[in-house]
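Both of the next two complexes hold chain A, though its partner changes from chain B to chain C.
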Partner chain A sequence: MTTEAKLFERGVHPAARRLAARASARGGHFGIRWDWFLVPAVLISLGLLALPQGMFILLSFHADLGLGQVSLAFTIDNYVRVLTDPFYGHAFWLTLYLSVAAAGIGLLVGFPAAYALARIGGWIASSLISLILTTSLVTVVVKLMGLNLILEPTGMINRALLALHLVRNPVQMLNDQTGVLIGLVQYTLPMTIVLLFGVVQTIPVSLEEAAATLGASNATIYRKIILPNSRAGLIATGLIAFNMSMGAFTSAVLLGGGRVLTMPVLIQQTIIQNTDYAKGAALSTVLVAFVFLINLSIGAVFAARGRKAAPDAG
Partner chain B sequence: MASVAICNVGKSYGTLTAVRDASLTVNEGEFVVLLGPSGCGKTTTLRIVAGFVRPTQGRVLIGGEDVTDLAPRSRNIGMVFQNYALFPNMNVAENIAFGLRQKKVPRAAIEARVTELLELIQMPGRGSHPVMTLSGGQQQRVALARALAASPRVLLMDEPLGALDARLRETMQLELTAMQRRLGITTILVTHDQHEAMVLADRIVVIADGRIQQTGTSDELYRQPRNRFVAEFIGANNILPGRVGDIDGETIKVELRGGNALWAPIRRAPQRGETVDLAIRPQHVGLAAPGPGTGDVLTGQVAERRFLGNRVNYSVRLASDEILIAECPGDGNPLEPGTRVTVTLSVEHIHLFDSAGRALRDD
Partner chain C sequence: MRGEPDWSRRIASKCALAAAMVFLLAPFIVVLGSSFGTASEYRVDFPPHALTLANYAAISAGYIHAASVSLLVGSIVALLASIVGLCAALGLVRGRLVGREALQSFFRLPIQIPFVVTGAVFLQFYYQFADWTGLNLLSGPLGLILAHVFVAVPYSVGAISAVLVRFDPALEEAAESLGAGRWTTFWEVTFPVIRPGVMAGLFYAFIVSFGDVPVALFLATGPWTTLPVRIFQDMQFDFRPSMLAVSALISIVSLAVILGVQKLAGLELVEPRRR
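For the complex of A and B:
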């Protein structure tokens, strides 16, 4: 057999690849055009997500006339106001701070838990993971009302602290940032654990065993083997938790008692209470753009570091 | 370099026993292969030596020192895993240097040692390569270099060649034996492949059912299997059930099904009438055209013929309806299926096993 024929047989010959690509695009398996199956989902996404968002962005470039009306003239006035008013700047930093803190706490608490679950394995791990998944399906309102009960000044935690004489007066946890942060952690932690569980599962135990036979202590194994090989997963999971928190509305409203004005809360107030559609649109566009930018730049930094770590072939 | 001694080691998980009362001494510089079917306890035994599994009974000694209660990291061993277990976040050189770094070896010494090992595994100048882009054989070599870097007392290998294709595996087997001889490092390797075991080992330990069945050179295991399991596991063997007839000193008459009988040498006399299994290797079965029949000759009919190049395998259906495999030189006259033949078993190559599977030639 010639080299050419061998290559072709293994499907790695360029011509064979081209043929295969054409076959799959034109309905490879069973002659079905699989690409058509994407159409309904694409249409729904366009109609329900891209279109309203586009309208929003459009709105944000016109002056508000009240009651949902905007002028026809193009203006960047809304953005100037949103970006220069320290009130909005404060809200923005508050949202950022709470989201970073929630993501950080989530990773700190979630990673050891996910690691333990992945290593314990078996029915214990799978039942705990399904428990986490089911509880995360319970509506956030119900879970937050439950949190309210234990966090309030006469709630369980404060009563315990008072009984143990650890504090003199009830600790304020509701209607301020602490409450919102607790709510955000509660909201994002299940997702964090489940995602990190999958990350740890991709690290074979034999890596740890190999390091152990080479004389590494548990701390070294954690630092040199487990953490570096989880890095991509940790960053991705942290970003997802961060994104969830940046857009979290319910926790901020229900545990912040209307006093913790994060961006989502402000956007809702601006649009629904003040019926200032244009400014609300500008606020949400800034929020979305910022979150998008953060994700993009972290992705870019990570990709660049990956390239640097890659070989200078030769 | 150090010897390894496993003394009455056992491991059970609840009611499940993985290793039963295993004792074994591996001498300094010796290459011992633990061989057995999957789930037989060979990997558990290796992991007990490595320290990943704590035995429920018995002691493990490395270089005369009791290491039973020592963590793997304090045992000064090198281990190669089935999937190589290279660290994907490090390049080839960093992988090899990992053990030396743990020992706080000076940087210059580490570099020199890594260069030396890269030469040893025939990958000079490849230190900066990321490990995940290497081929299976190269990953295997790097794993070996990493295990050897810190000059461990013992090298442990868990099915190290299992993931390689047949051709590469043979090359690596030869490389591995050459390297082991050169370094003189005490080595314990686990495999389920009896051919691999025979190529690599100074001594083979056959394990089945959590128990060491026999320990010996491949020659000993092949020629003097101590029980029926070893006879069937090492090389091919025909097994014919029979019954003990007359006993005459060191030979007994074995009555086979279908009315034939033959005399075979023994060491340990069984009871008359006891059932025995007769084992004979295919190459010790002779086939001939039927001659003027004496009563005691097995007869049969060729059922199938498989040409294997330098030899031919025949399946012969005996008068008792049992199937016997005979292996003949490939250049003889071919016997077509359906041909009637007389079957001769060369008596000096017959092994007899009692109903418990123990060899009757054994004391």
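For the complex of A and C:
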């Protein structure tokens, strides 16, 4: 291949530059108006989003007449009920507590695990990452069946505890908050590790080595190098795990045995078992609005801090 | 202190990694192991005392039917979501429209909404739709497919955009200068380069549809019940050892498909980020 051709291939040949300039003057690569591709995509997505969601929110402002019928009169009774009834308040706090706990445990285990993966590197790390992703891609019911078998009164953990005479009676983990919490960690941990792996990878190992050479203790290295460099990633990842848990339905039902009433479980029960569509819609709207607000406020707080700490960072 | 083995950073973090791996893999190992054991309705045999395929032979026709429904729905969803995702990604990455950032967040919205809520939203929408038009989308798989496309599009957009942003436009310009038309260039040059992204998008959309319980629980009924929903319902009400065999098969097939797609298509395991 001639030098001329090589240059042309890399797009640095003057002729190619001229072509590129002409193409972009026409509004895109070789004259296609790429913006037009957005039209069908936006129309389809908007059609699937706005109309059903809008009607759902409207539904929440009408009184339920039973049998899935709602009155025509506008009312905020559903919201008053949802926001003042201690039954819903309890469900709300339970969901919040379980989600914060699941995200916290995920970060506590996931961060050192991701750190180890990033520092091991090479094919071992990439095959372990593939394995972790595979566990997250297999349908959740399979994982929950396995967890059920492990946690049940005659399951492996209880048999081991009984055999070691650590407990007299099997420990109740299923149909309980403990089981749901374990299920939520199982659900969110793969994503937590994979995202944090990307974060730790951006911290050069030479920084740690330099600090150690200069006599910094482990605690100092954590406090001054590892944590400050991964704070943004930790917050973003924790938030994603929190969001996933706030909406988690299947784990809460199958490990909670219908006794752990989180918001997603309650929404499904309200609509399917009680056929109270209006209240179900109000519950859903409150849940989604709350999760959005948390994300927005943490994002805003963090953006403000980031600007203060590093004025030149985008 | 200097030169000493760094206990907390090297060893403690590896212990955390080992614990996480055991925790994440344990459910699969138990399901796989006990699927070959002599399980009864009341007690699961793990580790199995004797290896048998009895649980596999007991898989009912209902599960096989549900599996074919899930495959069909997942494939159609993957195809539709990828078409929408390809259009969105081309427009977002190459377009010059003002406000593309906002559009990007718009395309990510569906994964911010809990799946239970999405299921409920589409259920009541289909009731209303039937009232208006007389068309009942819930009688067949169409209602479920549309709802799954809604939740799968963000994954397609994310996967295709990730590949598209790294595409070198010079390749297309070279093709055009050599006399190739627009669409020839697109299919001969652009598409082959972004194919890994499209494959990843197809794959993720399929996985989202195939693995879903909450949305399908509202929208899939009768003969159109999907496999995860069927297992979910059976787990709630009556445990049968053949469910272990079905779950073991799902795990094995999933692993094989993931490895295969990774190998053949050079799948990049990219996840759409929320920010």
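One rule holds in what follows: the second predicted complex is superposed on the first by the 281 of 314 C-alpha atoms of A that agree within 3 Å, B and C clash if a C-alpha of one lies under 4 Å from a C-alpha of the other, contacts with A are read in each partner's own complex, and residues count from 1 in each chain.
Operating definition for what follows: a contact is a pair of C-beta atoms (placed from the backbone, for glycine too) under 8 Å apart; a residue touches a chain by one contact, two chains touch by 3 or more.
Note that the structure is a prediction, hence the values are computed from the model and not measured.
J.: Does the superposition put A:P204 against chain B (first), chain C (second), both, or neither?
T.: first
J.: Identify the partner contact of A:A73: answer first if only chain B is touched, second if only chain C is, both if each is, neither if none is.
T.: In the superposition, A:A73 touches no partner, neither chain B nor chain C.
J.: Answer with first, second, both or neither: which of chain B and chain C does A:I193 touch in the superposed model?
T.: Second partner only, chain C.
J.: Have a look at where A:G146 lands relative to chain B and chain C in the superposition and call it first, second, both or neither.
T.: In the superposition, A:G146 touches chain C alone.
J.: Give one of first, second, both or neither to describe whether A:G215 is in contact with chain B, with chain C, with both, or with none.
T.: In the superposition, A:G215 touches chain B and chain C alike.
J.: Of the two partners chain B and chain C, which one touches more residues belonging to chain A?
T.: Tallying touched residues of chain A, the top partner is C.
J.: Which holds for A:A163: it touches chain B only (first), chain C only (second), both, or neither?
T.: neither
J.: Name the contact category of A:S45: first (chain B only), second (chain C only), both, or neither.
T.: So A:S45 only meets chain C here.
J.: Share the list of chain A residues that count as touching for chain B in one structure and for chain C in the other.
T.: Residues 212-213, 215, 217 of chain A touch both chain B and chain C.
J.: For chain B, which residues are in contact with chain A within the complex?
T.: 50, 52, 71-79, 81-83, 85-89, 91, 98-99, 102-103, 128-130, 133, 143, 146-147, 150, 152, 156
J.: In their complex, what parts of chain A are in touch with chain C?
T.: 8-11, 15-16, 19-20, 23, 27-42, 44-45, 48-49, 51-53, 55-56, 59, 68, 109-113, 115-117, 119-120, 128-135, 137-150, 154, 156, 185-186, 189-191, 193-195, 208, 212-213, 215, 217-218, 221-222, 236, 239-240, 243, 246-250, 253-254, 258, 264, 267-268, 271-272, 277, 280-281, 284, 287-288, 291-292, 295, 299
J.: Show me the residue ranges of chain A that touch chain B in the complex, using the header's touch definition.
T.: Per the stated touch rule, the residues are 204, 206-207, 209-217, 220, 224-225, 228-229, 231, 309-312.
J.: Across the complex, what residues on chain C touch chain A?
T.: That would be residues 1-2, 6-10, 12-17, 19-21, 23-31, 34, 43-44, 46, 84-85, 87-88, 90-97, 103, 106-107, 109-110, 112-117, 119-125, 127-128, 146-147, 149-150, 153, 168-177, 182, 185-186, 207, 210-214, 217-218, 227-228, 231-232, 235-236, 243-244, 247, 250-251, 254-255, 258-259, 262, 269, 271, 274-275 of chain C.
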